[in-house]
Structure formats: structure tokens, C-alpha cells
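Some structures to go through are shown next.
Each of the next two complexes has chain A plus one other chain: chain B in the first, chain C in the second.
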Partner chain A sequence: MQIALRATLKVLAPYILVGPAILFVLVFLYAPVVFSGVLSVSDWNFISPDMKFVGLDNYRVILRDPQFQTALLNTVLYCAVLIPAQIAVPLALATLILRIRKPFLANAYKAALFLPTMLAYSTAGMAWLWLFDPTNGFFNTLLGWFGLAPSRWYSDPSLALWCVVIVSFWKNFGLNMLLFAAALASVPGSVMEAAKLDGAGSWRAFWTVELPLISPTFFFVAVTTTMSVLDDIAATIDVLTEGGPFGQSTNVLYYMFERGLRFFQFGQASASAVLIILLVLIVTWAQVRMFERRVHYES
Partner chain B sequence: MKADMPGAAGPALFSHLILAAVALFSVFPLFWMVTTAFTPNDLILSKAFRFWPDDPTLSNFTDAFRRYPVGAWLWNSIVVAGLVTLGKMLIAVPAGFAFAHMRFKFRNVLFWTVVATLTFPTAIGIVPLYVGISLIGWYDTLTAVIVPSIAYIGFYVFFMRQAFRQLPGAMFEAARMDGAGPFRQLLHFGVPNVLSPIASLSVISFMGAWNIYLWSLLVLDSQDKQTLAVGIKYFSSIDDVEPLWGPAMAVALLSALPTIVVFVSAQRYVMAAFTGQADR
Partner chain C sequence: MTEFNINRRNFTMGAAGLAAASILPIRAFANDVTITISSPWGSDRPFQKVVDAYNAKGTGVKVVNRFDGNYEQMATKAMASIASGHPVEMMITGWKFGYFAKRTLGARDFFDIDEASAEEIITQFKPSVRSLVNIDNALIGLPWAMSTPVTWINMDLWREAGLDENIPLDIDHAWLLEQANTIEKALGGKGHPTYRSALDLSNNEWTSQAYVQNAGGFILDGETVVCDSPAAIRGMKAFAEPVKSGAWKNLDYGGQAKAMFAGNIAICATSSSRASTAAASDIEFKDVMFPSLDGKRNMNSGGNFLAVYAREQELAQASMDFLKFCASPEGQLIWSEVGYLNTSVHDIPLQPLQTAAVAQLEAGLTSETIWPGKRGLEGQSVWREKVARVLEGVDTPEQAMAQAQSELSQLISAG
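The block that comes next holds the complex of A and B.
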């Protein structure tokens, strides 16, 4: 009897070990995504028991909503500005840091640049909200010293989005810098010397030898940065501008959040969730393609 | 190219100038936060505001605690970050071990089912999840924040599998010969040899959970149920007659310190984890 029990336990053991992981992702990640799809084609308000199938009505409503169009345009803008900036600038900074000969100074720079990454998004948002404050904030004081007129910063419709961009960049670039620095430091010096002996200038050696060698890091950074630009930026938006003024700084995720939470339009919120999933798939796919081509081309 | 031309001193100076400017950009908002936190609030709102207060004060901290249950927020943040981290480790470590050292049906399918969730944006299922949480009566409890947040384990399971793979399979084989069951193998031979990957993942998880924002905002309602990340927003009421920037920055500093301390004390493990991941 006991032997039979032991044998069964042995067969079941791996499933017992991986079971909780499977259960958690199915219940809290896969199921909600599937239900988002169902809700996106339904008319349901949480209170009434019946759920009506309405086809693509929710999609039609949000796609015609000027707020959603602005949100979509802003999302593209956020991606177009922040993804290249959060890859190129940290990469350039990493190469600069590696040139610093004194380890103490190099570490001090790294620590300073990484400091903002350790904060929560809302904490970072609050620190900047205070700097941007129209009446007593540091930036307007600074403008005053130079005799310039104060700005309204995050409550200026044409500046709000850029305030979010700056805070988001500030919060995230340090991590990518560290990742690039670690990867570049692991490229053997002999490889670069060989390239230079073959007559490649340092610029060309960087592009054709060093960059392909750190391409796994590059890809990892590109993917995680994309996720954070689409995803975490919503927290910054909420603290800084709440999507305003007049929806000028909102993005699709924040739009979804508002539809769901503030207006309880679950169908419309779910429809935008589905559109976000599609957007993520497209961007990730584009990145994989670009990455593949680059590597093929260089090798 | 050009930067290389002027000889050795030129490029070094150039690097220092740029890095110093970026470091200023990086550190200044935090410096300003600290200065403000220790300056009396009425002085902050006057023209007499300095780069460092003449007589630093703790009044902003006491004021913040008097206005809102900041102590409870701090405790809630610790509970959320601690339990999310504990939950993730309890799930990801055994799963990583099984995926690395055991043979069983559907192993690959199950592995990729878990790891594919790496690409899920965190807010993607927020609407159905919100409905579900409300239906089972978890609304306005920390449980509602903690339990669904544990589910983001794709990276953790992947990482733990890699860590266990570094251990020789022969070790577990020998343990099995000696009659150790799979659970004993994991506890006595597996876990003691992967303590540093576990430490690094714990730090990453703690910092991530400290950060949870939109989801907490959605499912927490009572003032004393908030975490620091969401509670801090109470101080940002812009149109207040008397803005509370002093107390706000005091709370911001309070919220920033734990993650900085946790990260700095475990820095070596975390960097190994990040760069190790990037190399693969």
C-alpha cells in the first residue's frame, strides 16, 4: 500500500512542482485575456445579469472616439520617441563610461545614472511634479532668474506629453545603461584590436564588430523597453497629468483604464485591451524581424 | 571618429563633461526631493527657499503622518512586496527545478505556457480581473493586490530553470540512488546551491511589487488600505489652498529609501542576474 502510494507520488511529483505556476498563469493571466476578448464583443455593465452580444460595436465606438484617436496617436508618439531614445542614449553613455579609466569615477557615474531606476513610478512622478509646479516649482524659478516667463508645464496642452516623456526617460535610462555597459565590458579587447589592425576605424569597429557581439543584450533591452513604454508609462501619466489637459497626454492603456474604472464601460475598455494586445504583437514582431535582419546582414 | 582625434586628453574630457551633465540630470530631482523634505513647508512656498535649509526640520514628516495614515501605507507596502516576493519564490523555485531536472509528459508545452507570459503587458487583463476580484469579495483588500501580482512569474521560472541547469544532473541522480524522493532532492540538494539566484530574483521582485500602481489604484479604496505608491497621490492635490509639497516630498523620500537600501545591499547579486539574463 505504502509502496503504491510512493510510486504514484513519484509519477505525480513533477506536476505537483510545476502545478502552482501553471495554475497561477492560467487563472490570472490567460483567463483574463480570453475574457477581455469576450467582453469586447458584449454589452455589459457589471450590474445587470445578462450579457448581450453586440459584435464589433465597442470597437466602432472607441475607434470613432476622438479621445481614443488622440490616445492612439500619443502611444505611437511615446513609442517613436522613447524606444529609440532609451536604447541609443544609454548605449552611447555606456561606451563613454567604459572609457573612464578610474574605477571609482566610473562607478560613481554608474550609481548616479542608475539612482532614478530604483524609485517607484509614482515617487518619480511626484518628485518631477514638484519641479514642474507652476507657482513654486524649481523650473519656473530657474526661468525667472533668466528673466523668462513661467511655463505651465504639465498643464500646458502642448507640453504635457513631453513632461511625461522626460520623466519616463529619466526613470528608465539608467538600467539600460548598466546592461549595455556590462555587455560591452565582456567583449574581449583582442577582438576590437584585431578589427583595428584590419583597418577598421573605431566607429566602424563599433558598428560591425562590437554591436553584433552584444546583440543578445540589445534585443533584450529593446523588448523590455518596448514593454515599459507601452505599459508602465500609464502610472507616470496618472501622477503627472491624469491624461490631461484635454486628453493631450493620455495613451491607449490609460484610456482603457479610464473607460473601465472611471466610466465602467467594460465593453469599450476590453475592446481597447484587445487592440493593445495587437499593438504589442505588431511591435514585438517588427523588432524580432529587424533584429534578425541586422544579424544576418552583419554575419 | 572626431572625438578620437585630439589625442588622449580630449576624448576623456569630452566623456567627463557629458557624463557629469547626465549625472546632474539624474540626481538633481532626488536632491531637490530631499531638500524639500527637510525644509519647513511655509518656507518652501516663499521666495526664501534655498538649496539647503538653514535649519533642517522633521516637521514635514510629522505633518504627513498626522494628515494621512502614512505608517499604515508603509506597512501595507512592505506586506505587499514581501508576500508577492515570497509567493513568487515558492512557485518559481520548484517549477524551475522540475523543468530543469525532471522528465515528464508535456514538459515543453507547460514550460512555454508559463514563459510566454513574459510578453504580457501587466494591465492587459485588468478589466475581467477587476470584475472577478469584486465578485469573490476581495475588493479593497491587500489580498486583491498580492495574489494576481504573483502570477507574473514567466521571467522567474525561466531564470530558475537556467540556475538549476547549471547544477550537475549526476548530483540528483546520486541522491535518487540513495533513496531521496524528488522533494528531498529539491530541498536538500537543489535549493542550497541556488541561493544567490534566489536572492537576486527576490530583490527584483521586491522592487517590482513596491512599484505596483494602476492595479492597486483600481482595487484599493479605503484610505488606510493604500500602499505608499498610491497613497502618495493624496498629497498632489494641485489646487489646494496650501500646497503640501514638504510633506509630499517627505513621503516620497520614505517611499524611495526601502528600495534603494534593498538594492544597494544586494547589488552584486542583482547585477549578475540582469547581465546573466542579457547574455543568454
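The block that comes next holds the complex of A and C.
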């Protein structure tokens, strides 16, 4: 009897252990995704007793909305600028930090550069609001010292998007730097030694030895950074510009937030959510296709 | 004459009777009832004093003031609470959310809750403001906070530019622009340590509406969008004029507040509700009326009303009891500290820097734009966007108003 019970428990144990996690993911991830899909073809505001099926109307409305088109274009711009910057600059910084001989100094640099990542978006946004302040801000004071006219920064339609880019980059590059630093530190010294003995210079050794060896980290950083640029940046937008002036700094996620939680058009917000999911899937698939042959997982 | 001898029994009965008489009218509720009011003000703000004063009376109703963010955030939370089946009993609701409050959130008609109390509450307010809380023929709110755009002048910068200190209360746009240009010439090139902008008319939907109305136009006529009328366009042109002349550096609304109280703007057109903050600041402000256009003025108001959303009759009655206190001279006196206009019929002493706002109230105020329709809330965003495009010189007033008319009409007719 006991043996049979033990055998059953042994069989069930993995399911029991994994079960809560699967349930959590189903309830808080997949169920809302499915519900968003249903809402995207409905007209319902959560409190009305009637939920009306409207087919693809919500999709038609947002795709024809100039605000959505601007948001989409801005999203592409944010991705085009921030994804390369948030990969290249942290990689360069990590490489440089690892070349610092004194461990105390290297750790101090790492800590200082990682610090912004630990701040909440709201805190970071408020701090930068003061730095960019059009009248008493630090940057305008700086411009004044050089006899230059003050700028309106985030109030200026041509600069608002760039202010969001700066804050978002500052807030997020630290984590990537730390990941790259950890990956680079794990590259065996003997391999680098062998490369040097074979006559490879620092630059060549980096490109042909170090970078391929850290390719799994590189791939991970590329995927998570893409998602972060599509997603987290909305928090910076909200604190800094609220998408303005006249939508010049908004992105698709912020557009979705406004449709849903400012204007209570949950159908349209859900339709934008579905489009965002599709966009992320396409971009991630493209990244997987692009990187899969170049990523080496062997130890 | 009837003789009345005081003995122990009479004394005890009399005292008990007096005690009962003094308790009964106050303690109107058999059981303790707690009602929550969703509000844009935290416990550090004067509204909490109103709540505390009411709670101290021990009526059996306990009011909890819950800070829920700005009007939009409050509306979001209200939606969530209604969807979950536990609506907040009361909410401080922006005037501009009038239709949304009634048609979507289901704000209760005071007369449906308790006719006598509704009558008692609303008659304590000036007839001119009563219509502002009447949506779809229902009294859905107590006209609580009312403000209107006025003009604040930083007297230090004004004097430094060599302008006459005897500023009239009733000012005109042309005159104001002339003064602003004088300030710009006098201080703009001198590297003044704080000066940044001679004028700021507030880049928001409120002040642009004032310019449109002062020019003889309207944004909405009932539920019809009329912002592309020649008069409205003339108003928008005047509104954008100081940006073109360089007197107005066009900050966002939040930036304006910081700049105003840091002494960076010489002339600032903004909400009269900033009176108490302005009076308490280190800057010497003078308040004058919002600029008229060619001597004409048809000013708008803004602010919020107290609405009841409780579905249970006992909670709704308890809310009405609190509202009666809010409407009373005692409640209004406590509330008047903030600097909002006195909309009640009670004689409340004037706060500093309220002269211009009161003059505008006495001349008559229209409501702020209350966007109708199922997608009405987007109207405010569309209007703000078009105004910003005019101010930035991206669109001419004619183009922006034509686009606004088309987009707003679509939104309003959407449901």
C-alpha cells in the first residue's frame, strides 16, 4: 500500500510542484490575453450590462486614427534608437570596466552605472523633470553659462521624444551593462591567452572570441531590451510628457493606456493590445531567426 | 400662570428630555454608517478639515476621505469599483465629467434619494451655479469647487520693467499684450536672474475656451461642435498671438505652476483656485480679470461637484447628510480657506487675491466644456491637441479649428 502511494506521489510530484506556477501563468498571463482578444471585438466598458459584438470595428477605428499612426511611427523610432544604444553602449562600458585593474574601482563604476536601474520610473521621471525644467532646470542653467538661449525641452514638440529617449536610456542601460560584464568575466582566460598567442589584437580577439562566447547573453539582452523599449518606456512617457506635445512623444503602449484608462474605450485599448502582442511576436521571431545561427550555447 | 416646581424627578426627566432633544436631530442614523468619498485631495488639504468637522459631530455617519489622484485617475478607480460591485459612495467629480458621471458612472439624482434633503442642499447655492450640476434633468451634484481663469501679475517684474503700478481690475487683451511686450523688451535682453517669459496664458483647454468665448464664439452649442465659427477662430488667433510675438514662451500647465511660483513669469493667466497658494508665496501678486477681447468677456468656470454613487439607500442617505453639512455655512466657511469661489448664498469672508474672480463670477460664468457622448472624454484630448498645434504654429487657427470641428463631431456622434 505504502509502496503504491509512494509510486503515485512520485509520478504526481512534478505536476504538484509545477502546478501552482502553471496556474499562476494561466490566470494572470494567458487568461488576460484571451480576454483582451474577446474585448477587442466587443463594445463594453465593464459596467454596462450589455456587451456588444462589433467585429473588427475597434481595429478599423485605431488603424485609421492619426494618433495611433504617430504612436506607431514613434515606436519604430524609439526602437531604432534605443535598442542599438542599449546594447552597444552597455557592451562597450562592460568591456572597459573589465579592463580596470583595481577591483574596488571596477565595482564602484559598476555600482554607479547600475544605480539608475534601481530607481522607480516615477522617481527617475520626476528627477529628470526638474533637470529639463524649461525655466529653472539644470540644463537651461548650463546653457545660460555658455550664453545660449534656454530650451523648452519636453515642452518642445521637436525635443520631447528625445527627452524620453535620454531618460529611458539612462534608466535601463545599467542592467544590460551588468549582464554583459558577468558574461565577459566568465570567458575563460585561457581562451583569450590562446587568441593572443595566435597573434590576435584586442579588437580582433573581442570580435572573434569574446563576442561569440557571450552570444547567449547578447541574444538574451537583445530580446529583453526590445521588449523593454516597447513596454517600459510608457512609464517614462507618462511622467515626462504624457505623450505630448500633441502626441509627438507617445508610443503604442501609451496609446493603449490612454484608450483604456483615460477614455475608457476598452475595446479599442484591447485591439491595440492585440496589435502590440503581434508586433512583439514578429520582432522576437525576427530576432530569433537573425541570431539563432550565431548563438553558441556549448559550455 | 402655571407654577412649575423643580424637584429631583422633574429635574431628571427634564435633563433627559433635553439630552434626547440635543442628540436625536444630530444622530439621525440608528447604526454607524461609513461612507467613503473618492477625492483629489489628501489628508493634508482643507477638504479633510470639512470631513473632520462633520465626523466630529457624531451623526452616526463616518466619512472617509480617500485620495484617488486626479479626475481621470478617480474616474478609472470609480469604474473599477462599480465593475467589482462595490461602488464608492461619493466622488468629487470634475465639471467636465458631468455627462460621464451621469450616463456612464450612474451618478444619483439627489431628488431620487431624498427630495427634502435635495431641496435643502441646492437652495443653499446661488441660482447661477445650480444649472451646472443639472445633467439630463437630474440634480447630480453639490456645486463644490468653482474657479475661473484670472490674471496674476508678478509685481516685482512689473515694476522692474517700469510699468505703472496702478493696474485696472478690468483689463483687455490688446492692453495686456502691450504690457507684455514692454516687459519682454525691458527684461528680455538684460539677463534677468529669474525672468523667462513676459506672459503665460496657460496651455490648456480652459484658457483657450475663454478666448473663444470672449471673442463671441463657443466650442459647443449644446451637443453641436461650433469651434470653427469666425468668432471662435478670431479668439484662437488672439490666444496664439503672444506666442508669435515672443512674449509667451508656451510652457505646459505643470511647468507654468513651477515657473509662476518661482517668479519666472511676469503675467500669468491661470486658475483663480491658486489664490491661497499665491497669497502664501514669497512673490507679490496682483490679481486682475482675465483679458477681455475688444471689451467683451464671457468667462467660463471650472472645478468640481460632489456626487453620490451609492446604490444602497442607507448609504445614499448618509451621503446626503454629509452633503447637507457641506452646503451649510459652517462647511462652506471651512472650505473657503482653499481659495475657490463662494458659490453658496452664505456670507463668507473674501480671501486674499479673490477680487478678480469674484468680479467675473458676478458678471456670470459659463460652465467649462462638458463633452457629451460615449467617446466624449476623448474630446478634451482632441481639443488640447488642436490648441497645442496652433500655439506651436504647426496649424493655423483656421486649419486647427476645422479639424477639431470634424474630429469632435465624430466623437460626440459616436454614441
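The rule is short, and it goes like this: the second predicted complex is superposed on the first by the 274 of 299 C-alpha atoms of A that agree within 3 Å, B and C clash if a C-alpha of one lies under 4 Å from a C-alpha of the other, contacts with A are read in each partner's own complex, and residues count from 1 in each chain.
Quick note on the criterion: a contact is a pair of C-beta atoms (placed from the backbone, for glycine too) under 8 Å apart; a residue touches a chain by one contact, two chains touch by 3 or more.
The model shown is predicted, which means the values in this text are computed figures rather than measured ones.
Following the overlay on chain A, a clash is recorded for the pair chain B and chain C.
By the touch criterion defined above, A:A273 reaches chain B but does not reach chain C. By the touch criterion stated above, A:P157 is placed in contact with chain C alone, chain B being left untouched. Within the superposed three-chain model, A:W145 lies out of touch with both chain B and chain C [touch as defined at top].
In the superposition on chain A, A:L261 makes contact with both chain B and chain C. Of the two partner chains, chain B is the only one touched by A:S122; chain C is not. With both complexes placed on chain A, chain A has more residues touched by B than by the other of chain B and chain C. Of the two partner chains, both chain B and chain C are touched by A:N136. With both structures placed on the common chain, the touch criterion links A:P245 to chain C but leaves chain B unconnected.
For the superposition on chain A, the stretches of chain B under consideration are 135-143, 171-179 or 189-197; the one running into chain C is 135-143. Overlaid on A, the two complexes show chain B and chain C touching the same residues of chain A, namely 46, 133, 135-136, 261.
Of all the residues in chain C, the ones that touch chain A in their complex are 72, 75-76, 79-80, 82-83, 104-106, 196-197, 249-252, 255, 258-259, 262, 264-265, 375, 377-378, 381, 384-385, 388-389, 392, 394.
Residues of chain A that touch chain C in their complex: 45-48, 133-136, 150, 152, 154-155, 157, 244-247, 258, 261-265. If you check the complex, the residues on chain A that touch chain B are 6, 9-10, 13-15, 17-18, 20-22, 24-33, 35-36, 39, 46, 93, 96-97, 99-101, 108-109, 112-113, 115-116, 118-124, 126-131, 133, 135-136, 138, 141, 170, 174-175, 178-179, 182-183, 186, 201-203, 216-217, 220-221, 223, 227, 230-232, 234-235, 238-239, 253, 256-257, 260-261, 266, 269-270, 273, 276-277, 280, 284.
Against chain A, the residues of chain B that register as touching in their complex are 1, 4, 11-12, 15-16, 18-19, 22-23, 25-27, 29-30, 32-33, 36, 44-45, 49, 90-92, 94-95, 97-99, 102-104, 107, 110, 113-114, 117, 119-132, 134, 147-148, 150-154, 157, 181-183, 186, 207, 210-211, 213-214, 217-218, 228-230, 232-233, 235-236, 243, 245, 248-249, 252, 255-256, 259-260, 263, 271, 274-275, 277-280.
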